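One chain, chain A, links the two complexes that follow: it is found with chain B in the first and with chain C in the second.
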Partner chain A sequence: MAFLLRVLLLAIERKSLVLVSLKEHVAISLFACFLIALCGIPLGILIARFRTIAPWVIGITGILYTIPALALFGFMIPVLGIGIRPTLFALFIYGLLPLVRNTYVGITTVDPAIVESARGMGSTEWQLLWYVQIPLALPVIVAGFRTVTVMTISVATIAAFIGAGGLGVLIFRGITSYYTELVVLGSFLVAALAVGVDSVLGLVERKLLRRVQM
Partner chain B sequence: MKIVIIAVLVSGLILGGSEVFGQGWCIWSARVSASETSGRIVVSNKPFTESYILAEIMIQLLEHHTNLTVERRIIEGGTTSILHPALLSGEIDLYPEYTGTAWQEVLKQENIIRDPMELYEAVQREYEERFGLLWLPLFGFNNTFTLAVRRESAEKDGLRTFSDLARVSERYVFGAEPDFFERKDGYENLVATYGFRFKAVKQMAIALKYPAIVSREVDVINAFSTDGLLQKFNLVVLEDDKGYFPSYFCAPVVRREVVERYPEVSEVLGLLAGRISDEKMTRMNYLVDEERRDPKDVAREFLKEEGLI
Partner chain C sequence: MATVVAFHEVSKVYPGGVQALDKVSFSIDEGEFLCLIGPSGCGKTTLLKTVNRLVEPTSGWVEVYGKDAASWDPVALRRQIGYVIQQIGLFPHLTVGENMTYVLRIMGIPRHVQQRRARELLEIVNLDESYLSRFPRELSGGERQRVGVARALAGDPELILMDEPFGALDQITREQLQEELLRIHRKLRKTVLFVTHDLQEAMKLATTLGVMQKGRMVQLGPPYELLFSPQDSFVEEFLGRGGLFQVLRMVRIRDIPLLELSDKMPRVTIPLSASLEDALRKMLLGGEQRVAVVEDGTGRVAGVLSFEHLCRLLPRYCAPMYA
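Right, the complex of A and B next:
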């Protein structure tokens, strides 16, 4: 209890640092999610339509996914510098795999009977995709996006490795100077942010699915 | 190329981890034999390059000038919190220690003594009274925090000291690792002391600090004054002209019984007094860290150049 009180006092004492870090964290992770959705969903659709390239795309995004962040930053400094750009790049490549894969799996696992009947009614491949497969795959795609969002918010702490700020600043300062209250404060805010954004997306998801299923 | 870099970093992480795991085992192994047998002295060091080199220098010097059998006992992960107790219990007889570390970590003193010699004398006095340990003369270098800039910035803006940097700090981006922003002798008080107004301040992982300054993403970083990387990346160390950072001068710490029994130990190690400047230490760290030279060879070359062996 006394510990939590110290965390709270610390948050008040370092108010400006906490607020700036929180703002940076929100901006970085949400912008990264936006970029991931912008590329990941179309890419997933594309490989569902042209299935021969699917293993390649998923393989490559899978390899990117495994590169440790610090290594990535290390060799990208000459190209991307430090700060927001390498951070977005890292979050982007980490978020791509789950979303591409979920989109692909969602579309390719739509009931074949439904696909057949749509074809039987004379729809083209693109019509099939747009009016049948994507709407039916939407729950899986949205689930993938929610995973990516939560993950990105927590992984965005690596921004502090490379001068882009965010809540990772509090966490890494706390860890390297044995200041547990600071670590807990930073982690708590990251967790709260992730849970908050996820529940907002949950609401959106329910609305969206109700419309699709009507 | 990418793969190679990743492989290197990953293996670095694994090795770093194993150092931590190895700690427990090695403390145990250090207890197995004692150094009380006659004509025998056990030298140890901290687990980083500089300390290895210093131990080698002392070992070779003692072997050359005395009849003692010098045993080297490396305690993996053996930082001050392990070496100091090992010294007290006689498992080791001497190791190189830093005045600032001894004052803060071993003696747990809160106040900061700015004057390096005053600090050395205070540490020396306390160690002898409390622990029966002797501080031999200082090697000469000071491995403290400092600020480093690219050589061309130093030349263009005529930077030699921290105060010079304060004049032009609005044009400089500062980068440091997280704990520098939380230390008592860290960022906040540094800025207050010198009136720096940096254009931007970037917190980053310690491993990325040097790549960042080389690629001009930041212009000034905090650094350890004898780090071999300073030489590798052609950085210039600025002078802390207001004496802001506590000093970390280095000297051998040895058990009093050892010196009483073998007075030649302190005489011989006294030959090193003031012989190792910041530049010489940086150079030796560079040779071992960056050119992958053996600390033994680097130590021998140093002793030969100095005419000590």
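Right, the complex of A and C next:
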């Protein structure tokens, strides 16, 4: 109890640092998620339209996904240097797979009877995608995006280690100065941010799900 | 009469080796209501899908609207053919109105035209305007299937393909929708190719009945013809009891010639509006060879129906029903 009180007091005392870090964290995550959505969703749609390339694309994004973060930095820093660019790159690499895969799976698992009747009425393959498959896949796509945002928010903590700021700064400083309260404060804020965004998107997902159910 | 669809020795072997169709040849004329019936797996769905090119024949060819289907652009062809499947396949994210006019939307027809057409379609399938903005999940099974039928009519196609459209409905709703479909068919004079499992349904709807077995068309003709002169024991057994009783149920006494009341007045009477099935039941249960037919309401004797007469003339009685 006393410990928690100390964390709270610390938050008030270091208000400006906390706020700046939080803002940086949100900005990095938001931008990364935006980039991931911008590439991941069209890529998922594309491989659902041209199925033969799907295993390749999912395979490659899958390999990227499994690269350990530490190794990734090892590769990146010599090329991209430190700061915001390698951070965004890393977040992008990790976030791509869940979104591409969910978009692809969402589109390809739409009720075959619905697809058959749309095709049987004379939809072109693109019309089938835009008017039927994508709208019906939306809840699954949003579910993928949820995974991506939570992951991005938590992985963005490492940005501090390569000089891009964010809530990782609190944790980093806490660790190097044996200041446990600071570590806890940073971790708590990251978790709260992730949970908050996750539940908002969860609401969106449920709403969409209701729309596409029979 | 113009031919709408013609199958020319159509065969289909699926990858994996299943022969679903084996040299099927026949044609469908304008305004015909052709029911395909046969055991599960005999190739009915496959045959239907060769018409709108959801299935491509392995050999032989299908002629649709006077042209080889293979030479049609599949998208253009499908837009001119109505299509209803058993699972209906309504779009859950679109309203009833949007579902019905989907084909107009993909053809790029203006919105206000779509909306006007949606109202007409609702009227055709007997649903009121409040349904326009409802979603499929807010409808009963029967209402969904009505919307499915309306959707197939949206582009005013000459030909409509229906694959067991009423299979999933309960008996009462099914019969109601069959009546509606008959009414729509009489009114709009569409050509219908209709697949069913249900013999009663086929006897009721078909102007022409095709019995399939193992990918072949065994016999094709007016339902009474298959009933009274089946080509082989398979057709005979397939139509069996169910077929006969369905026909008896559908022939009204008022539609057939009666005998004059010459000698004694029969003990049992039956109204003109009754069916042959009713008449037979009265004869069998009453132990009578003859029944007097009376006009509904007035009770005036219109004539006599005899068992002997029925036995001799039944095929002829049934023919006009399918004319």
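Structure notes:
Here is the rule we go by: the second predicted complex is superposed on the first by the 199 of 214 C-alpha atoms of A that agree within 3 Å, B and C clash if a C-alpha of one lies under 4 Å from a C-alpha of the other, contacts with A are read in each partner's own complex, and residues count from 1 in each chain.
We take it that a residue touches a chain if its C-beta (ideal position, glycine included) is under 8 Å from a C-beta of that chain, and two chains touch if they have at least 3 such contacts.
Computed from a predicted structure; not experimentally measured.
Of the two partner chains placed around the shared chain by superposition, chain C is the only one that A:Tyr131 touches, whereas chain B remains out of contact. Once the two complexes are overlaid on the shared chain, A:Ile162 sits against chain B while remaining clear of chain C. In the superposition on chain A, A:Ser199 makes contact with neither chain B nor chain C. Applying the stated contact rule after C-alpha superposition, one finds that A:Thr109 touches neither chain B nor chain C.
In the overlay built on the shared chain, the residue A:Ser117 is in contact with chain C alone; chain B does not reach it. By the touch criterion defined above, A:Thr180 lies against neither chain B nor chain C after alignment on the C-alpha atoms of chain A. When the two complexes are laid over each other on chain A, chain A has no residue in contact with both chain B and chain C.
Interface residues of chain C facing chain A in the complex, by the touch rule stated above, are 52, 54, 74-80, 83, 85, 87-93, 102-103, 105-107, 136-137, 151, 161.
The touching residues of chain A, when paired with chain B in their complex, are 67-68, 70-71, 73-75, 77-78, 81-83, 160-163, 165, 169, 172-177, 179, 182. Put simply, chain B touches chain A in their complex at residues 1-2, 5-6, 9-10, 175, 177-179, 181-183, 202-205, 207-208, 211-212, 215, 217-218.
Taken in their complex, chain A has these residues touching chain C: 111, 113-124, 127, 131-132, 135-136, 211-214.
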